[in-house]
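Order of writing sets the labels: A, B, C, D, E and F. Residues in every chain begin at 1.
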């Protein structure tokens, strides 16, 4: 396999646009409780939201050469999904490369490492999800891969998968399932809205969602 | 003992109202440095504040059936205090159950697990204190207890205890001590205000608070 | 050596003023990737910024007597840099001592322990960087040192060193290198601004920063 | 309440003797999945085993004065159960106090802090369960409690409760339930032996333990 | 896809036998630094070694019903690879199911959760690799999958992959690459033996392994 | 400063020999509670002991080129003290470099990263203290320093300092204080032996060590 892959199936702008207002938690449920990265992936600030197509990068810890390469070949709508083997004591992403990324139309970054320059990047409005914030510098000396499938946050991510993140964290929808999961997500959202309407009208989740039956089966004793 | 307990001593609305503007840190000190949950219980956003009567729930990790049951029997002024054995890779609390809880007059939730739907719940203004934020889904299949005494965050909490939380974390005042501790808290607050006044007038904490004597006893050398 | 040291080389107000608008990440790079504390030192709220002269304190875990002593001998422009051997289950810093510190002209605190009273201190606008937030109380009974060199967050800090912190964390510039590092930091900032200008004009970081050469040496294969 | 309590219900030597060969995991199950400390309480070496009556101590972090006091009032068969608010960067227990404890007939120590002198104590054969091993020294300056109920490892422990530990960790049986739980533990052990016998004769746990029915209810699909 | 899969490509006994004396670290290198689980997967005791064919199981946290099912369909030479979403505060594996597993010819277990009954299982000699040891009990109520691909310890594992573990941790070789990677592993072992022979004859790793050239390129200064 | 330093003050063989049977915990106390590395530095197996002269190395995370260089210039009696910025998901030390180190008379390694090949190295008897065990491989591409002062485990270590480790962890004695601290350590050992003798003769640590006076001052109440 080539180290750097540029040709891979990728969602078109229309599909990404239709995903733009989806909530990660709803999609995770719609997929049958799949696709959510571990809960230590956090947005750099409250209110961050991202939606785009995964451009996957695997760097060595503390080295971001491949990340600069990745930016150079990125396309509008891409979200960088970057594993540095979980090393958080370096900021692999900063202001300069953010400016470069925004020029390319990159939508955000998700990484198991650290990011830095959080104040100027906040001013730029570029979404970052990471496992830490670190100002420590990087080398640019070691090889890696671009657009190979990678495991990050306990999830297998392929290039072109759809990445959606907000304050709840990040979920990844496999591209092949993008249409069906979008439909499932929208359906779930509607059904949840209906449930909330019924709750506001005085019904209980125990009844609406069928939990009473599950509860009764347990045979618990009440006073 | 019954698994689900509905009858237990509980603070009345007046007592809760008088606690509403108390600070957790002050109460912790007034109680003789007791009652504070461990410091990994964090509010879901800066500025969160909660005050209410503990409704305790013990669920299995990743299962929130008992939590839905608990909401169904809650009373206005209750705060859910929920142990899931510390499992943070699931969001046991979300938007739907928040709507249900607010209908019931529940004031907030404190849990050693994870919560989700943080953006819509932020919009609803429902206080959440947890050890993590996770979008991952739950089962509704396993038994637990409601309103048994539970240990959470290193503190024994009984149903009806008073729960107060803010950005410093969460403290629990045993119901039996509620009046005396409220008085102690208010007294301490006044005394602290007086101390700060004296500091602003140029005095040192070493003198005001008697630390100079403690310091002198240590016999340290200064240049 | 005396336990408490009051005489040590210290930056003057002018030097501190010239450091005031420096970014920690830039200084860290300008120093050759040195001086940054570990990434678990976080500001108590988004947007915190600090700049001052290190007044170093070593306390026992959960005891802040020496910290009160330190405040009593501090000078305007000091930043408290406080090791409690990493114990975060106590708030060694709170509102009262903040008021005392601000009276003294102290600019902020950096500690490997916990802080509390975060809401009133936020209102006061006093910068705090810590490894945790805990309301739990302290004793005032055990000895420590003031203005000895200490290791904190993986960095050796001497009294009088320059401490700069923002949302990226905290960096420490040795006083002896303060002028040269300030110059290096300013130079780096300018050069980074120029790089960002070129990026906005369509150039790639691979070319501007010489990464293409490093990349080519790796001999990776592309499709 | 007195700070130091010497009179409390305590198991007699016969009861302790009958508990001596019980397994913690079996007792935990026999109690309805209660009593087990969190899994970061580990024996200092493989093969450690302890059984005795809880003598509870609460010290400040990094200070073991109350622990020396506790040893001075201990009785044969006691196990020290010591909270230092979870601070592991100090060894609150070492060779000297081990010698003193063994003279008193103390059976072992369980602590949420650190221990040291592990090689000489291994030679002495004194059981230690802790959350860390640290050589760092302690102060002897701050107050605490002896034989108050304490919460440690997520469990409420009262003086006189029965403490049993092995390589699986530590479990605590409330004294008031000691006889019934011992009987339940022994019964469970026998039933487990019978189950294992049936397994060795070719039966499946799915059938013997009734899991097949639970499994069938889930309606899963098999190929 | 079926929830429980019994038909999948699987290594034969001969292939497993040839892998039996391979070292995980060597295989990891031979695969191009792939396949190693994260370093918090530890053997339950020093000297543990395992080699077998992955039988993958995904359970809910704290529930091991699917694990009992998995044992019931296992074949000789299988190693259970079990994700419980990383929940370590329950022992999903104990003595009874070990006896059942050994009857089936199962070679060991690798899990991101906890195990218990470590002393009797040590006596039985059944290899366990886990992220924790916990005596806490489990439910048997929730669904899961058997022999689906799972991500565990940062690695995608498919049923039938080859699992090798020792005190260095656990590595997984994709079945499709089993022959080529075994050859590469054996070749690497030989080459490493030759390198060590040369070192014992006085040569330096800098020269033998070509590191001197890499070092010289860095242009570092020596005294 | 040169990147690689070969000339620095170093303890002679006689001094190291006199340190050989010292206990780390005793030296830490003799130094006034200084010099102990944080408690997550653990020996690779129970019973490990090391004593030697620090040869300090700073590598990038996951890269051990400088470590090979360090071995090539080491002298008999050296102990490698290696910071990789705390990255434990790579084994920076393995069997081949152990063989090379033993040829050079190197006594052991202390690192904040990971080590591998633990079984063959156990057979070779080479002491390793680390923060993790990982089989994952390294690059050999990035620069670092040799024999600069480094901060590791919260301690400033200079080349030539004396490093002593056992199952309690690792302590570092500054070379300049080596003679006085050895004397203090030996004195403390004698005094501790005398204390233990008195304990065996029935005295209490409260009396022998003067803790009764400290205790009395606290004014605690006993029943």
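We take it that contacts are C-beta pairs under 8 Å (C-beta built on N, C-alpha and C of every residue); 3 or more make two chains touch, one makes a residue touch a chain.
Everything quoted here is computed from the prediction, not taken from an experiment.
Hopping across touching chains, the smallest step count from chain A to chain D is 2.
Counted by residue number, the contact pairs of C-D are over half the same as those of B-E, the matching pair from E-F, B-D or B-E.
For the pair chain D and chain E, the distance between C-alpha centroids works out to 31 Å. Each chain gets a centre from the mean of its Cα atoms; for chain A and chain F, those two points are 42 Å apart. Centres computed as Cα averages put chain A at a distance of 29 Å from chain E. Counting partner chains per residue, chain A shows two or more touched chains at residues 38, 46, 86, 89, 136, 141-142. Taken pair by pair, the chains that touch are A-B, A-C, A-E, A-F, B-C, B-D, B-E, C-D, C-F, D-E, D-F, E-F. Those residues of chain A that touch chain F in the shared complex are 60-63, 85-87, 89-90, 136, 139, 141-142.
The touching residues of chain F, counted against chain C in their complex, run 38, 86, 149, 151, 154-156.
By the touch criterion stated above, chain A contacts chain B in their complex at residues 23-25, 28-29, 33, 36, 38-39, 42, 46-47, 166-169, 171, 192, 195-196, 199-200, 202, 204-206, 209, 211, 214-215, 218, 220-223. Chain C contributes residues 2-7, 45-46, 65, 68-69, 71-72, 88-89, 91, 94-97, 99-100, 103, 114, 116-119, 122, 132-137, 140-143 to its touches with chain B in the complex.
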